[in-house]
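Read through the structures below before going on.
Each of the next two complexes has chain A plus one other chain: chain B in the first, chain C in the second.
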Partner chain A sequence: MKLSCLQENLNRGLSIVGRAVATRSTLPITQNILLSAEQSRLKLSATNLEMAITCWVGAKVKQKGDITVPARLLSDFVNSLPNDLIEVNLPANSRILELKSGHFQAHIHGIDAADFPPIPQINDGITTTIEAASLREGIAQVAFAAATEESRPVLTGINTEFDGEQLNLAAADGFRLAVHKTTLSSPVKEKTTVIIPARTLNELNRLIGEQEEPVEITVNEKKSQVLFRLKDAELVSQLIQGSFPNYSQVIPQSYTTRAVVDINEFLRVTKMSSIFARDASGIVRLVITPGSELAPGKITVSAQAEEVGDNVGEVDALTDGEEAKIAFNVRYLSDVLSVLSQAQVALELTTPSSPGTIRPIGVDNYVHVVMPMFVQW
Partner chain B sequence: MWQVIGQDKILSLLDYSLKTDAIAHAYLLVGPRHVGKGTLAINLAQALNCDGPELPCGQCRSCQRILEGKHADVTPIGLDSKTEIGIDDIRGLQRLANLPPYEGKCKVFIIDDAEYLSTEAANSLLKILEEPPPRVVWLLLAAEEKHLLPTIISRCQRLELKPVPSEQVQEVLVNSYNVDADKAKLLTQLCHGRLGWALSALANDDILEQRSQRIARLVSLLTPTSRSLEQRFAYAQELASQFSQNRRAGTEIIEIWLDWWRDLMLIKGGCQEAVINVDYEIALEEQAGGLSLSEIKGFLANLCLLQEEISKNVNPRLALEWLMLNLPRRESPKH
Partner chain C sequence: MQMPIKILATEVVSKIAAGEVIERPASVVKELIENSLDAGATQIAVEAQGGGVELIKVSDNGTGIPASELELAFHRYATSKIGNLDDLEKISSLGFRGEALPSIAAVAEVEISTQTSSDPIGSYMYLKKGEVVRKESRARSQGTTVTVRRLFRYFPARLKFLKSANTENSHIAHLVSQYALAFPEVKFSLVLDKRQSLRTTGNGDLREVVSEIYGSELAQRMLKVEQRDGLAKVSGLTSPPSLARSNRNYLSFFINRRWVHSPLLTRATEEAYRGLLMDGQHPITVINVSLPAQELDVNIHPAKAQIKFCHEQTVFSSVQKAIEEGLARTPIASSKAVPFSVSSGQWQSPRMIMDNEPAFVVAQLPTLELPVLRVLGQLANTYIIAEGPDGLYLIDQHAAHERILYDRILAQWSHKEVEVQGLLQPITIEFSPREEETLKAGKEFLAEFGFAIEPFGNRSYLIRAIPALVARANIIEIISALLDSLASKESPNPWEEKIAQSLACHGAIRAGQQLSNEEMRELIKQLEQTKQPRTCPHGRPTMIHLNSHQLEKEFGRIS
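Then we have the complex of A and B:
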């Protein structure tokens, strides 16, 4: 292998695939990055056996070849080089990669590329494309609601349903549920539902970044892997096996009280209360007071911590229905309010013991359901 | 071709299960150390992922990768110089277990030294053993089954690997490894039916060398010139510190003692052909001549007691000093 490329390009490529490098693993080679010199470009791949990222960097290839080298070592070294041309050389029958750039050079001991776990190839199955912006929004508004602990594996993933031109993303952790609907650029030939690990989608969102080109999604025939093809990178993820709970019955069909508030103001009082709620198991109490002829309606948000203190905040609201009370975990409230980009949000309640629903105003593609906490009023 | 030797019953069971697609979600392989549990586990992992016609073929790419420890779907964990397998290790596996196989047909998790799972780790493993995800097989390897949680044992299919008969070990050593007859005989006797031990001793001369050193120390404690209590206590102290550094090495030495005294008893009883330490027959006979059968029997009982007490965590030094006090002391003629 013999090639030259720009430090800037190589560094960017390494930081992209670096996200898929295993941190601690029983298979040590997964802490390496696979470098393959192809026709006029350098392919970088990494996998942690859950997801694999492949990325191509423009390079002048004089001789093809491949090798794996420790990811940290390579990316730290390349990162510290000035932006200049880097000569990469792997002598025949050698496992020591030579890097040379101006006054600097390094030798990195690698492992044979044949030992690297194969990066899954997905050629068959269901393919579709989606606008980068819609996918980005969907992931951002859903992924945070997925469970982080492993006791129910399906909940650590995001239920992804391709149905005609519709893409439905849903995540739940037993206390909250987020459902986002968006349209695909091209319809799928048959309805398909898979569970994609939330970690993968968070990484995907980072990869999409500012990209404007549509993203191509392919689910393989066996429904065990999914491929996201971006402008200059590919992400393949294993899919979580199992079936996602039927969440549609969790979404309340009606409400007795509804309050429409400005998101930013609502978020501010919520965050304020979280300061006191820290010492009170995260509990905040919400009271929706209907407006009268003279005064507008309002939501009162309060938190009280025994022997620490308490606070109360109010937000003006357009209300509908009778007075209502409910208590939430403050994190579940602030999490959802911080990912919404709309100006206003509606909070719909029935009783203090039934879940509350949050819907952004102006769009009808997002629902968030939060379970209440039981408190003495 | 299965690489495991002398476990025909288990292999035919596994063969049948593979053929009828009735592989259990978890197997517990029990048997003494070096008897072939690890080899069997790797073999089974190969069989489950093999592309060849005869499972496991050992030739295909997948079999090769598993053997070299490079296969992404075969995950072995073990003690690795820790004192127990913690819950974090198991949690990591759980996450992997819920994903489909990466490159092969079936995910295989091999937990070596499963008796060293911490209680929390074992309990968290229970959950996944109860609701096994599809296409995942767990292989738990344990030398001391009694330390495992009964709840774990009850959720696995138990396969017991028996010590391999001496004739079979000797045959393998002579025919497959070209060992000369004398050495093969010695290794066969020393390995107690654990072929793996014989092979590692064959590959690594240090093991036999170390054994000779240990026996030399043992013999020196019994020679007439150095039978002072001081010397014996010094030995006890040394052995006790061995226990605190490396418990396994300590127990190995006690096993050498046991074998030695068993041999003495056999010689006293006139059963030379069953002796383990065939290369020390002269020394054994010399010693046996100076001891009575009841002395030998008594000391063997003491050794067994010591082994048991140490496994129950008594202070090794106290126990060993007690053993040294009970070591037969022939009265010198002048008394």
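Then we have the complex of A and C:
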């Protein structure tokens, strides 16, 4: 293997695939990055066996070849080089990678590429494309609601339903549910539902970054793996097997009280209360007071910590229905308010022990349901 | 062939009755020691050979038995200790049934030699199979010596069930120790197979007796228990939590100095140690409870090992309170990991502590509260390293957080303000039959702690809400662990205790979890506010303290 490429490009490529490098693994080679010199480009791959990222870096290849080297070592060295041309050389029958750039050079001991776990190839199955912005928004508004605790594996994933031209993403952790609907650029040939690990989708969002080109999504025929193809990178991930709970029945069909408020103001009082709610399992109490002829309606958000202190904040609201009370874990409230880009949000309630619904105003593709905490009023 | 019904022969009757009182050689020793104590002896010497089967000899310097009454003493229900029915209501002597000597004589060969202050000469009697074989006058200093030989020889059924000589010896040793603890002012001596096994000074100092039985180091560290108010007066010694033992053999309870097995007092003691000892650990306790004689009934068990109280609850809370007060003066946990240095110098010999001194000197160090700690960092993602005014503290993050949550859960529960998080979709759990039984029994408790569990048919249940403190943990795992701990009979803790322990354990941060400096500071701040910051609810220490003196010593800065 013999090639040259720009430090800037190589550095970027390494940081992209670096996200898939295993941090702790019983298989040491998964802490390496696979470098393969192809026709006029260098392919970088990393995998933690659950997810693999491949990225291509423009390079002038004089001789093809491949090797794996420790990810940390290579990234840190390349990162410390000035933005200049880097000569990469692997002498025939050698496992020591030479890097040379101006006055600097390094030798890195590698492991044979044949020992690297194969990166799954997905060529058949269900394929579709989606606008990067739509996918980005969907992931951002849903992924945070997935469970981090592993006792029910399906809940650590995002239920992804391809239905004609529709893409429905849903995540739930037992206490809250986030559902986002968006349109695909090309319809799928048959309705397909898979559960993608939330971790994978969070990484995907990082990879998409500012990219504007559409993302191609392929689910293999066995529905065991999914491939996301970006402009110059690919992400392959295992899918979570199992069936996601039927979430549509959880979404309340009606409400007795509804309050429409400015998202930023609502988020501000929520975060204020979180300071006092910290000591008490994060409980914040919300009271929706209907408006009268003299005063506008409002949502009062309060928190109290035993023997520490308490606070109260108010947001003006456009209300509908009677007075209502509910207590939430403040995190669940601020999590959802933080990911919405709209100006206003509606909070819909029925009883203090029934779930509350949050819907952004102006769009009808997102709904968030939060289960309350039961407190003494 | 059916046997006709008939009245049993006297010999059979007395053997049956004897069997109730004399269960094993140690029972003989017990009856004889009690007789000696009731006779006002200040010195009692016990000797046994071959596990007590070959020989048991108890000599005392008590009042003795007048020659004229000696023969009568071996008749069933003959006693000088009570006179009429009223006396039975307020028994102040250890014995009263008049069964001891005849029972012993029924199952062994007995020699008795006694001398009172009024008789001109002592008397001697030899009995075999309960019959007087020989009776004569024989000189002796004041007191009584009873020698029992060939125990159970004519009672092969009982002999067969006796354990090895060593085991029987150990029963005797345990028994004599208990009486020595109950009567520190009596000089006890025990010789087993010609080997001196115990000797107390009889100077009235309980700590000294404890020192003789359990060792002087332990005796020094025992904490004084004293409760002189109220109906039940409690006094004695109890171990600091760091001295726990793995069985209950070290619990000695005396009611009016009568050695008793009392589940009530055991519970009261364990209640006092609640949260201070690890599971399966038990304290070392020597407690005497003084009660007016009419407050209790000792006439339940032929061997009088069980006792009934008129006011159980009062006795229970007096003992619990007295021990708790004793413990409150103790330095907890840190003393275990780091040996005492300056603070408990060797000069504090137990002899120097006067009986009426308010507290054991070491115990006065007010170390229950935490000093202000400055976080230095985290070790192995498991321990918080902190600096205090007097050295280094290593804090187990899981144990510390457990303690915080435990206190918080119990506080919420007692105020009926448990924070409950509803579940968006109920979780279905299928329980085993045993779990289901526990669940049914503990349903109300679980509900009070925030679990909303509904039957869903066929051992399936729906979980609709859970305590907020464990909302981020594995719910199914928590519930089954909880039911297991409720079902376990090993730990006598009340259920609310077990539930709080289990929830705290599951809700607490784990070892191996990286914490920011901010989080560590917060954790320590909250730990400082708990009642028992130095132990987790299971009784494990939350911290190890290396004091400045110790550090200097380790580094050879001082010698």
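By definition in this document, the second predicted complex is superposed on the first by the 377 of 377 C-alpha atoms of A that agree within 3 Å, B and C clash if a C-alpha of one lies under 4 Å from a C-alpha of the other, contacts with A are read in each partner's own complex, and residues count from 1 in each chain.
Basically, a contact is a pair of C-beta atoms (placed from the backbone, for glycine too) under 8 Å apart; a residue touches a chain by one contact, two chains touch by 3 or more.
Not measured: the values here are computed from a predicted model.
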Clash or fit, chain B versus chain C on superposed chain A: fit
Partner chain(s) touched by A:Gln238 [first = chain B, second = chain C, both, neither]: first
Which superposed partner A:Gly321 touches (first chain B, second chain C, both, neither): neither
Touched partner set for A:Leu177, first chain B, second chain C, both or neither: second
Touched partner set for A:Ile283, first chain B, second chain C, both or neither: second
Following superposition on chain A: angle at chain A, chain B versus chain C, Cα, nearest 10°: 50
Partner chain in contact with A:Gly58 - chain B first, chain C second, else both or neither: neither
Touching partner for A:Val369 - first (chain B), second (chain C), both, neither: second
First, second, both or neither for A:Ser151, with chain B first and chain C second: both
First (chain B), second (chain C), both or neither touched by A:Pro117: first
Superposition-derived minimum Cα distance between chain C and chain B (Å): 8
Doubly contacted residues of chain A, that is, touched by chain B and again by chain C: 150-151
Sites on chain B touched by chain A in the complex: 68-70, 72, 75-77, 91-92, 94-96, 98-103, 127, 133-134
Complex contacts: residues of chain A adjacent to chain C: 148-151, 172, 174-177, 245, 247, 250, 280-283, 306, 329, 353, 355, 369-376
Chain A-facing residues of chain C, complex: 411, 416-417, 419-425, 427, 450, 465, 468-469, 471-477
Residue ranges of chain A touching chain B (in the complex, touch as defined): 24, 26-27, 29-30, 47, 49-50, 115, 117-118, 120, 150-151, 153, 156, 197, 222, 224-225, 238-242
